[in-house]
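Following this line, the structures themselves.
Two complexes are shown next, each including chain A; its partner changes from chain B in the first to chain C in the second.
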Partner chain A sequence: MAEPVPGISAIPDESNARYFHVVVAGPEGSPFEGGVFKLELFLPEEYPMSAPKVRFMTKIYHPNIDKLGRICLDILKDKWSPALQIRTVLLSIQALLSAPNPDDPLANDVAEQWKINEGEAIKTAREWTRLYAMSG
Partner chain B sequence: MESELCSICLQKFVNPVRLPCDHTFCFLCVKGAANVNKRCAICRQEIADSYFDNPTLVDETAIEAPVFDDQFQWFYEGRNGWWLYDKRTGEELETAFKSGEKRCELLIAGYVYVIDFDAMLQYRRNEPHRKRRVKRDLPDSASTKGVAGIRILNTMDVDASGDQQKATPSAPSPSDLSPQSAEENEESERKNETAENAATRATDEQLSSLLTNALNLRRTYHETYL
Partner chain C sequence: MSRNVCDEGDDERDYGEEEDEEDDECFDYDYYNATDYDSELYECERNKDSEHFEYECLQIEQVERLLNESVESICSSIGINPSLAKVLLYTHKWDIDRIKEKHKRDSFQLLTDARIKSPRNSRTVDTANRASSYYIQCNICLQSSSAEKCASLSCGHQFCKECWCSHLEVQVTQGITIGIECMAQGCHILVPEDFALNILTKTSFREKYQQFAFAAYVKSHPELRYCPGTNCSVIIRAKENKSKRVICKHCKTSFCFKCGGDYHAPTNCETIKFWLTKCADDSETANYISAHTKDCPKCHICIEKNGGCNHMQCYSCKHDFCWMCLGDWKTHGSEYYECSRYKENPNIASESVHAQAREALKKYLFYYERWENHARSLRLEAQTLEQIKTRIHEKVMANKGTWIDWQYLLDAAALLAKCRYTLQYTYPYAYYMESGPRKQLFEYQQAQLEAEIENLSWKIEHAETTDRGDLENQMDIAEKRRATLLKDFLSS
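== the complex of A and B ==
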């Protein structure tokens, strides 16, 4: 059995064992630090032959996450491997919070801002974290 | 073998095979994964189509098909013969059969199959028109092709203890390499089925029925504890 991952939890839904309620803590040193981000994770019938579907439920200002919470991450798409697991997927998402990649954007306006004025973008990301991810 | 568990199903290896990159998986796991992406799940090295016709078995003596009530085995129909179910699937089938269920659902090579015990038929749940026969029968080496897609020589014997059957696998014989052989390989017929197609199939209804059967969730149990 795998060790628990600090700052990440995934609890299966009571009525649907394929649906997980996920909470990811914003990584230290990132603009998301101190925030608690809710996600939903769904295992399709083909899992693990195809990737889980993951989405941020908490609003987040990040160049690779769009307004609907959809995540631009290669392992959730064409780089999926059936040897990956829920924990490795969530670790990758946590790492994405530490390392935003505006060159491979999903939220174009955010990515643009991140490239033009990173300082301002990080400030906005902090503000959004305070507004939407600390209400808990 | 790099670990005791298959890194695709997260269970003990069933009929493990070694890929050219040296990574080991259950035969049906790697075959199921290859329907979506023909690369090693660990290192992403490409897997040749031809690999599945003649996989490298980790232990040629350990290809098992379970025997029940000291004599019966579970078979599914192939072209010109019958395949034995592997140990894991055969045992799940027997358990469902013995409990008096009319049908059961099993996860085989990444697909959910329905086995109808009244009609003695099996089909993929998403393709109910493509049926093949199944049987619970006495061993019959003459008509037995192998175990779950792995061909074996016709030298199978039930050993004295009666609970295990060992078989000697072989490379495909020339007759096995006929076009028919490729045609009957059901998994390879599905090469065109994309992951996207598959993903859109899962409706809530299907999922709740899946839940009822507590199927396909074995892996999830392993993963629930993050």
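== the complex of A and C ==
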């Protein structure tokens, strides 16, 4: 195993080695700071020729993540390269939490709020982090 | 048409002058000259036919030969292998001259733009990797294998052949061939055909690759288009990429060369796409509102239209009326035919938003009803054709004329279908047209065409009572009206 990444862990499921239980800590300085976000990661049969499927299990207020936890991230779609690894994918997701991109939205209402009133949006994101990502 | 008349006038004037001079030789000379002029005029008329379009129907082998000619031309003039030539041609839409010109200006730029060569200096990566050891670690499966078991594109990113193979297989399964990129992150160098075929070991994938790549070449070629007919493998080739009618020689499918949809003159590709999407969205409402039956305006008996003609005669009260406007047919026959013209409500600006929405719906329904009505008539045309055949059979059996005597009826039916088809496609055109003198002119011509088509339809259905000369005259008029409308409004 390569050196662990601070704030990220991925543990394979006992019954299925393709399925990973992922935990990502909210990055410092972001409205998600202090939160612990659970994700699921699944390696399809074609992996690494096809991108892994990743989804947030913890509710999160973010313009590029929708109600179902689906993530809008280019490397998970058309920009996937077989040279990418689980490690690099999770690092990109952590980076997305630090730098939301409301110009390429998945959750339209959130992105709109982010553009119209960023202060209010960040406040909501903090509130959601406290409500859903700090319980356990 | 007006030009034609004018030219004839000139001719006559010339004749007059010649006669005044009373010079026999000169008259002879001009006489022949005049015939030459006529044939020239005829030739000119042919070219002016706004629906005329040059094209050919090719088989796959012919297209392969055609594409190979382009490939060879690029190979010999630029000095690269056929696979890279294909990448160049594909990325430049088969424009050989543009490739040669770019090559002359900056050959390195040409190859980097086409994603054949990496813009960064690739040599260093290449030599560094090769110099390091005989064994190379594949960045994907993280296993070390000998250099001959690895492969890289011009960018120098080495991966083991097994990883390359599964990458290519996954891409080919998704139908991607020419667009497959290097596996390294952020590297966009394209995988050329020879590399792919070298790596793909399974025959099934090699065949799939070649099939999909060929289809991609055809789709990227502006002069080629697959026939949209079911299970038809014919490829149409036309020098000009225009929205003109093409009829496949093999399966007889008729379609527009530019968009591949049903032929739609005088409407253009974009407009017909808007219209068809709109109809697909709104058709349920429209169907609900415009029912399939109408009441006779005189005796109010319910009538279902089961033939192509809009000139209706009520079965019970014998009242002649127009199916479109339900007005008396007497006002349609010779005079101004008005039921193809939509009358816009002049007070619209002053009315509420709600009324405007209603007006918009009314306008749409007006055009949709006519569009659908002609489409339905066309569908019934097949039935009419069967009826005509039975009628001809009966006539011949009853010793009323010979087979050949009645064949003109079939020609008439074919012409009627052709005219009605064009008329159907004039309605989307009119719907999207802005009000003004041009629209007025269009609607006038449309009304004229519609009137003549209805006349023709009526005469065909009652062919026993009308004489042949009259019918043929009517055919000529209808076709002239159709050609005039297309000539004036079909934008080339």
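One rule holds in what follows: the second predicted complex is superposed on the first by the 135 of 136 C-alpha atoms of A that agree within 3 Å, B and C clash if a C-alpha of one lies under 4 Å from a C-alpha of the other, contacts with A are read in each partner's own complex, and residues count from 1 in each chain.
To be clear about the criterion, a residue touches a chain if its C-beta (ideal position, glycine included) is under 8 Å from a C-beta of that chain, and two chains touch if they have at least 3 such contacts.
On a predicted model such as this, the values are computed, not experimentally measured, just so you know.
Peer 1: Let me test your reading of the model: by the given contact rule, A:P4 touches which partner, first (chain B), second (chain C), both or neither?
Peer 2: The answer is first: A:P4 touches chain B but not chain C.
Peer 1: Check the residue A:E46 against both partner chains and state whether it touches chain B (first), chain C (second), both, or neither.
Peer 2: Both chain B and chain C are touched by A:E46.
Peer 1: Which of the two partners, first being chain B and second being chain C, lies in contact with A:L90: first, second, both, or neither?
Peer 2: In the superposition, A:L90 contacts chain B only.
Peer 1: For A:P82 in the superposed arrangement: first (chain B), second (chain C), both or neither?
Peer 2: both
Peer 1: As a test of reading the superposition: which chain, chain B or chain C, is in touch with more residues of chain A?
Peer 2: B
Peer 1: After lining up the shared chain so the two structures overlap, which partner does A:P12 touch, if you call chain B first and chain C second: first, second, both or neither?
Peer 2: Only chain B; A:P12 stays clear of chain C.
Peer 1: What residues on chain A does chain C touch that chain B touches too?
Peer 2: Common to the two interfaces on chain A: residues 46, 48-50, 81-83.
Peer 1: Which residues, counting only chain C, touch chain A once they are in their complex?
Peer 2: 139-140, 159, 163, 166-167, 169-171, 183-187
Peer 1: If you look only at chain A, which of its residues touch chain C in the complex?
Peer 2: 46, 48-50, 81-84, 88
Peer 1: Using the touch definition from the top, list the residues of chain A that touch chain B in their complex.
Peer 2: Per the stated touch rule, the residues are 1-2, 4-5, 8-10, 12, 16-18, 43-50, 53, 80-83, 85-87, 90.
Peer 1: What residues on chain B touch chain A, complex-wise?
Peer 2: Residues 7-10, 29, 32-33, 35-37, 39, 41-42, 44, 110, 112, 195, 198-199, 201-202, 206-208, 210-211, 216-217, 219-220, 222-226.
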